[in-house]
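Same chain, two partners: chain A is paired with chain B first, then with chain C.
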Partner chain A sequence: MRTGTQARKYRLQGAGLDLALPYLMLAPGLTIVLGILVYPLWDGLRASTRAYRYGSPVADVGLQNYLHLWSDAQFLNALWVTVKFVALSVSFEAVLGFALALFCLHEFRGIRLLRTVLIIPMVITPVVVAIVFRLIYASDAGMLTALCKAMGGGGVQILGNPLNAFIGLVALDVWEWTPLMFLILLAGLQSLPHEPFEAARVDGAGAWRVFADLTFPMMRPVLAVAIVLRTIDAFGTFDQVFVLTRGGPGEATRLISIYGYDTAFKFQQTGYAAALFVTIGLVVLALAFSAIRLLRRIDAS
Partner chain B sequence: MMHSSRLTRRSVIKGGLGLALATTALTTLGLPMPAKAAGKKVIIGAFADGGLTPFKEKIIPLAKEQGFDIQFLEDEYGVTLEKWFADAQSGAGQYDLYLLDDPWVPQFGAANVLEDLGAGGIDGSDKDWISPMIDMGYWPPQQGPRVKGFENAKPTLICVPFVGDLQTLTYRNDVFTGGAPKTWDEVIAKGKEGVAAGKIKYPVVFRGVSGNPIVTSWYPIFLSFGGSFFDDKWNPIFNSTQGKASADFFVGTMKQNAPSGVVEFDSDQEGAAILGGEAGAIIQYSGNALKADDPAQTKVAGKLDFGVVPKQEKAIAQMGIFIAGVPKSAPNKANSIAFLKWYVSAETQAKLSEAGSIPVKRSAFGIAKPGNRLIPVALQQLDAGALPRPRTPDWAKVEELLGIELNKALQAGSGGGAALDTAAKQVKDYLTTAGYY
Partner chain C sequence: MSNRMARILTTIFVLAVVLLPIYWLVSTSLKSNREITQEGTLYPHVPTLDNYVRLFTEKQFGSYLTNSLVVTFFSVAVALIVGAMGAYAIARFRLPFAAERKVGLFLLTLRIIPPVVILIPVYLLMLSLGLLDSWLGLIATYTAFNVTFCVWMMESFFREIPVDLEEAAMVDGDSRFGAFRRITLPLAAPGLAATAIFAVLVTFNEFLFALALTATPRAMTMPRGTATLIGRIDTDWASMAAAGVIGALPIVFFALLVQRHLVRGLTMGAVK
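The block that comes next holds the complex of A and B.
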C-alpha cells in the first residue's frame, strides 16, 4: 500500500519532475556561465566593431579596428616581442622542467624535500616575484650590482638595456614557471609503465638509449599538453612585466597584454583594444588547436 | 547491504540549497557595502606622492575638527588614472573626490563625468587663485586651442587646484657655492667640478623611464630651450630646432653627467640619488624636495637648496598640480563640495602653507612662517614662468609615444632630435585617426 509521501512523489514524477530535474540542476551553473563568460565575450566582440571617444562608443566601424591592427607598428612590435618571449620562455621551461623531472624521478634521501622546494616559485604571487627580481636587477642598488661591485666589477645594466631587460624578463618567467612544467612532467614520468624499461635494461640499453627510444617518445603527449598549457598562459603574462619593466626600456619588453591594457584603460580606445584581444585570443586558440592536431598525429604514428 | 551515506537526489538538493544559502550569507556579510551618505564622510582617492604628506599629516586632522570624516585611499601613480576613470564612467561611486594629476582633467572633462563645481558654489573667478592653476580646472580650457567637439562649449569649473605643485631646481649648496645655477651649462660645468672634488658622484639626475617619467624630466629642458609643443591647430611642433636641441642635450650631455642606470630611473631612484648625496642638481616636484631638511630622510641635510629652473632661453618650469574633482557618481557629493569650499578658503590655505605644502591661493604664499623653504621659491618660479602640459584628452597617448622615442634615444645616448621627428610623426598620425584635423 502506498503511503501519502510515496503518492506525492509519484505524482511529481508523473508531472515531469524527473525530466526537469537535470535542467534545474544545470540552471545555476548555466546562468553563471552565461553571465560571466558568454555575455562579456559577446560584449567584447560588439565593442571590437565600434569606435570609442572619451570612453563612450561613437560609431559602428565594422572590421576597421581589426584591419587597423595590421598597420599599427606598436601592435606588431608588441606581438613580435610576445612571440619571442613565449617561444624562449616555454622552450627553456620545457627543457629544464624535463631535466628536473628526470632527476627527481630517482628515490634518494631528501628527494621529497627537494620536490617540495622546487615547486615553491610557482606558488609565489607573480607581483611579489616581479618586485624581488626588480630588487635583484636594479642598477643602482640591486643585488647583482652589489655582487659585481663586491667582486671588483662595475654596475650591471639590466633594466636599462633592451636586450638585457628582455633576457631578464625571460629569466624571471623561467624561474617562476619551470616548476609547473616539472610537476606535470614528473607526474607523467611516474605514470609510465615499468615493463619496457626493465626489458631495455635486460637488453643492456644505456641511459641515453632508454631516454631516446622509450622515455621521450612515451612522454611526448604529456610534454605536448604541458607546452600547450604554458604557451596559452605565457601569452597572457601581465603582472610580472607591469611591475618589472612596464614594457620598457623603449618597447623592448612591451608584451601584447601590456599594450592592450594601456590601449583600453589608459588611452580609452576600448573598441580597438577589444579587437586586439579578440585577435590575440584567436591566435592562441589556433595555436592550441594546431598543438592538439599535432598531438593526435603523434598518437596515430 | 545498502551504504548508509548513499548519495540521494534529496541529499544533493538539500546540500545545494544549503551551499547556496551559505554563499549568499557570506557574500552579503563579507563584501564591502557601497559607501552611503553618512554625516560628513568624504572618500578621497589619491596617488602616493610625497607632495601630499603635509595634507595627510596636518590638514586631515584639521578637517576632522571641522566635522569631516575623511577616508584617504592611496594608490600607485601608474594605475590611478585608469582606475578612477573606470569608477567615474561606470558610476561605481567608490570615491567622493579624486586628487588628479592635472593633465588628466581634459580626459575626465571630455567624458563629462565630473560635477560642475562652479554650480556647487566654488568661485573660480576669485582673484586669490593662482591664475594658471585655476585655469587648469576648466573644461574646455578658457584659453588656448580646443579639441573638436568642444569648440563652442562653455568652460565649466570641473576641478579645483589642491596642491600647487610645480617643478623647481634642487641643488647642492656646497657644489654650487654661488647660489642656484642660472643656466644648464653652469649646472654641468660646476657639477663636474663637484665630482672632481669628491663632493658628489654625478652633476645631475633625472627620470629616464619610458612614458610619463622621461617626458616629465625632459619637458622643463624643452621649455627652457624655448620649445612649444603644439600649434593652435594641434599640429605637433615639438620637433622644432629648439626642441631638437633640447632633446639632444637631454639624451647626450645630461645622460653623460647622470648615473649610468638613469634609463631605468623613476622618482624613487632620482630621489635616492639627490637625498643620498650622490647628485649635484635635479629638477623635481615637491615630493622629494620636502624631505631635504629632514636628517631622517637625507644624508645631506642642510646642503640642499632650491632655486628657479635653469634657462637656456627662458627659465620655465612644468606645472604638475594635484587637482580635485568630484565624480558625478560620488556617494557623498554635498560633503565633498563642502570640504573643498573649506579647503580652498584663504584660512585653510594658510594652514596648508604652514604645514609645508605649496598652496593654490596667492595669499597663502605671504604668510609669516611658511612650513617649508620651497614655498617662496615655488612662487618665484610661478612668476618666472610655469606652464601646464597641453590640454588635450589624448595627452596620455601623446606622452606615451614621445616617451618611448625619447627613452630609446636615451639608451643610445644620442639621436634626441631624430627621436622627436619620429614621435612627431606618430603623434600626428594618432591625432589624425582621433579626428583632430
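The block that comes next holds the complex of A and C.
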C-alpha cells in the first residue's frame, strides 16, 4: 500500500524538468503580482512615513502622518460617514435579499424573468449606476420630480440636502447590491437539506416557527459570508460617490476613499494620503480576518 | 388565491423598482434637453437619436469603446493563462513548507485589500515607467488584479477534477505539463469560462485606476470617458443619459448572454 502511494507520488511529481514544473507554473503569476501589487504596497508603506512637496519626498517624518490622522476632523468625519454608509446599506441589503430569496424559493411562473432582471443592477458599470441615480434625483430633470409633478406635487431636493443626499447614496447601493445578496442567499437556501423541513411540516409547525427554528439557524453561515463579502466591498466604494455627489453637499457623503483620493490628487499630500490608505487597508484586513475566525466558530458549532 | 395575488404583486413591485430607473435613463437619452428641463415629460414625446450621434461625432466615444475592449481583452487573457497555471500548481503539487498553500493564502489576502489602498504607489510606479495614459499601463494594472482572483477561483475548479485522468495520460507517455494542457484544462473549461466572465465584468467596469492613470481619449476607458463627460456638462442631461446607455450597454448585453455562468461566478466561494 505504502509503496503504491509512493510510486503514485513519484509518477505525479515526475523527474527532470517536471520537478521544476510547479515553480515554473507559479512564476509568471507571482512575478506580475509582486511587481504591480506587492511592490506598490511596500512603496506605499514607505511613502506613508514621508512628507511630500509637489510630488517628491522632502523629509522622513516617521509615524507622524498616522498620528495626524486621528486629530484630522475631516478624516474622522469621512470614517464616520463610511461606517454609517456601510452599516446601513449592508443591513438593508441583507434583510431585503433574504426576504426576496425566501420569496423566490418556491418555483412559480415569472421567477426566471425576475432572476434575469435582478442581474442587471450589479453588472451595470458603477459609474453608470451613479448617472442613473443622478437622473432620478435631479431637481429639474429627475424622475422623482417628474413623478411628484405628475401627481400634483412640487419638485424635490435630494442631492442639495445633506441628509437626503446620504439617504440617496444608501438607496443607490441597496438598488445595486441587494441582487447579489439575493443570489448568494437563494443558492444557500436551495442547498439546505429537505428532511428537517418535512419533519416540521408533519409536526404541523407554522411558517414563522420553521423560519426561526430551522431556516435562519441553518442559513447563518451563508448569511455571514454574504455580509462579510459585501461589507469589505462597500468599504472601498468610490465610483458611485465620485459621480453622484463628489462627496457633497459639504462632507455629507464624503466616504473615506473619496477623502483619500482628494488628499492625494487634489491637495497633493502624497505621504499623508498614503498613511490614510494604509490605515484603511489594515482596518479592512482586520475586519476580514476576525470575520473568518467568527465563521470558523459558527462552522464548528 | 390570496397567496398567488401576493406573489404577483411582489414580482411586479420588484420588477418596477429595478426597471423604472433604467427606463428613465433610456427615456431621457431619447429626449431633447428642452423637453427634459422645460416640459418634464414622462416619456419622450419627440424621440431623437441626436444625443447618441453627438457622443460619437463630438465626444470621442468611439475611442473610449476601443480602449475598453483592448484593455479588457488583454488583461483578462493574460490573467487567465497565467492564473490557470498558478492555480493548477497550487491545486496539484505539494511543495516544501506547504509553499503552494501559502502562495494561495497570500493572493487571497491581496484580493481582500481594497484596490484604493495601492492607488498612489501604482500611480507613482506608472509615472516613473512612463506608462501613464497608455494601454499598457492599464493592462498591466488590471492583469495583476485579475491574477489574484483568477488563481483563487480556478484552484477550486481544478480540485474538482480527478487526478486519475492525468495519471492515465502520463502513463500513456504524456509529460506533466502535457497532461495539464490536454486533459485537465479542457475539463475545467466551464470553470475557466465562469472566471473569464467575471474578470471581464470587473475589468470593463473599473473606474478608479482608469481615473488616476489616464487623462486623454488616447487611453481613457468607457467608464472614465463617461465620468469626464459628466464633469464637463453638468446640465446636459440628454448627453449624460445617452452616455450612460452606451457605457452600460456592452456589459449588460454580455452579462445577459452568459447569465448562467455569471451567477456561478458571482456566488463562487460563498456557496458551493
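Note that in this section the second predicted complex is superposed on the first by the 282 of 301 C-alpha atoms of A that agree within 3 Å, B and C clash if a C-alpha of one lies under 4 Å from a C-alpha of the other, contacts with A are read in each partner's own complex, and residues count from 1 in each chain.
To be clear about the criterion, a residue touches a chain if its C-beta (ideal position, glycine included) is under 8 Å from a C-beta of that chain, and two chains touch if they have at least 3 such contacts.
Bear in mind the structure is a predicted one, so any value in this text is a computation, not a measurement.
**Student:** Touch check for A:Phe265: first (chain B), second (chain C), both, or neither?
**Tutor:** Both: A:Phe265 reaches chain B and chain C.
**Student:** Quick check for you: in the superposed arrangement, does A:Thr116 touch first (chain B), second (chain C), both or neither?
**Tutor:** second
**Student:** Look at the residues of chain A and decide whether chain B or chain C touches more of them.
**Tutor:** When the residues of chain A touched by each partner are counted, C comes out ahead.
**Student:** According to the stated criteria, A:Leu180 is in contact with first (chain B), second (chain C), both, or neither; which is it?
**Tutor:** After superposing on A, A:Leu180 lies in contact with chain C but is clear of chain B.
**Student:** Of the partners chain B and chain C, which touch A:Ala138 in the superposed model: first, second, both, neither?
**Tutor:** It touches chain B and chain C both.
**Student:** Per the contact definition in the header, classify A:Ile36: touching chain B only (first), chain C only (second), both, or neither.
**Tutor:** Once the two structures are laid over each other on A, A:Ile36 reaches chain C alone.
**Student:** Please indicate which partner A:Pro28 is in contact with in the superposed arrangement: first for chain B, second for chain C, both, or neither.
**Tutor:** both
**Student:** Shared contact residues on chain A for chain B and chain C?
**Tutor:** On chain A, the overlap between the chain B and chain C contacts is residues 21, 25, 28, 138, 140-141, 265.
**Student:** Quick check on the complex: what are the chain B residues that touch chain A?
**Tutor:** Against chain A, chain B makes touches at 9, 12, 16, 20, 78, 81-82, 85-86, 89, 107, 110-112, 149, 208-211, 259-265, 269, 272-273, 393-394, 396-397, 400, 404, 407-408, 411, 433-435.
**Student:** With touch defined as at the start, can you tell me which chain C residues reach chain A in the complex?
**Tutor:** Chain C reaches chain A through residues 7-8, 10-11, 14-15, 17-22, 24-25, 28, 36-37, 40-42, 82-83, 85-86, 88-90, 92-93, 95, 100, 103, 107, 109-110, 112-122, 124-125, 140-141, 143-145, 147-148, 151, 163, 166-167, 170-171, 175-177, 201, 204-205, 207-208, 211-212, 222-223, 226-227, 230, 235, 237, 240-241, 243-244, 247-248, 251-252, 255-256, 259, 262-263, 266-267, 270-272.
**Student:** Okay, in this complex, where on chain A does chain B touch?
**Tutor:** By the definition above, chain A touches chain B via 21, 25, 28, 53-56, 68, 138-141, 154-155, 157, 159-162, 246-251, 262, 265-268.
**Student:** Taking the touch rule as given, give the residues of chain A at its contact with chain C in the complex, in rising order.
**Tutor:** The touching residues are 8, 11-14, 17-18, 21-23, 25-26, 28-30, 32-33, 35-41, 43-44, 47, 100, 103, 108, 110, 113-128, 131-136, 138, 140-141, 143, 145-147, 149-150, 175, 179-180, 183-184, 187-188, 191, 222, 225-226, 229, 232, 235-236, 238-239, 242-243, 257, 260-261, 264-265, 270, 273-274, 277-278, 280-281, 284-285, 288.
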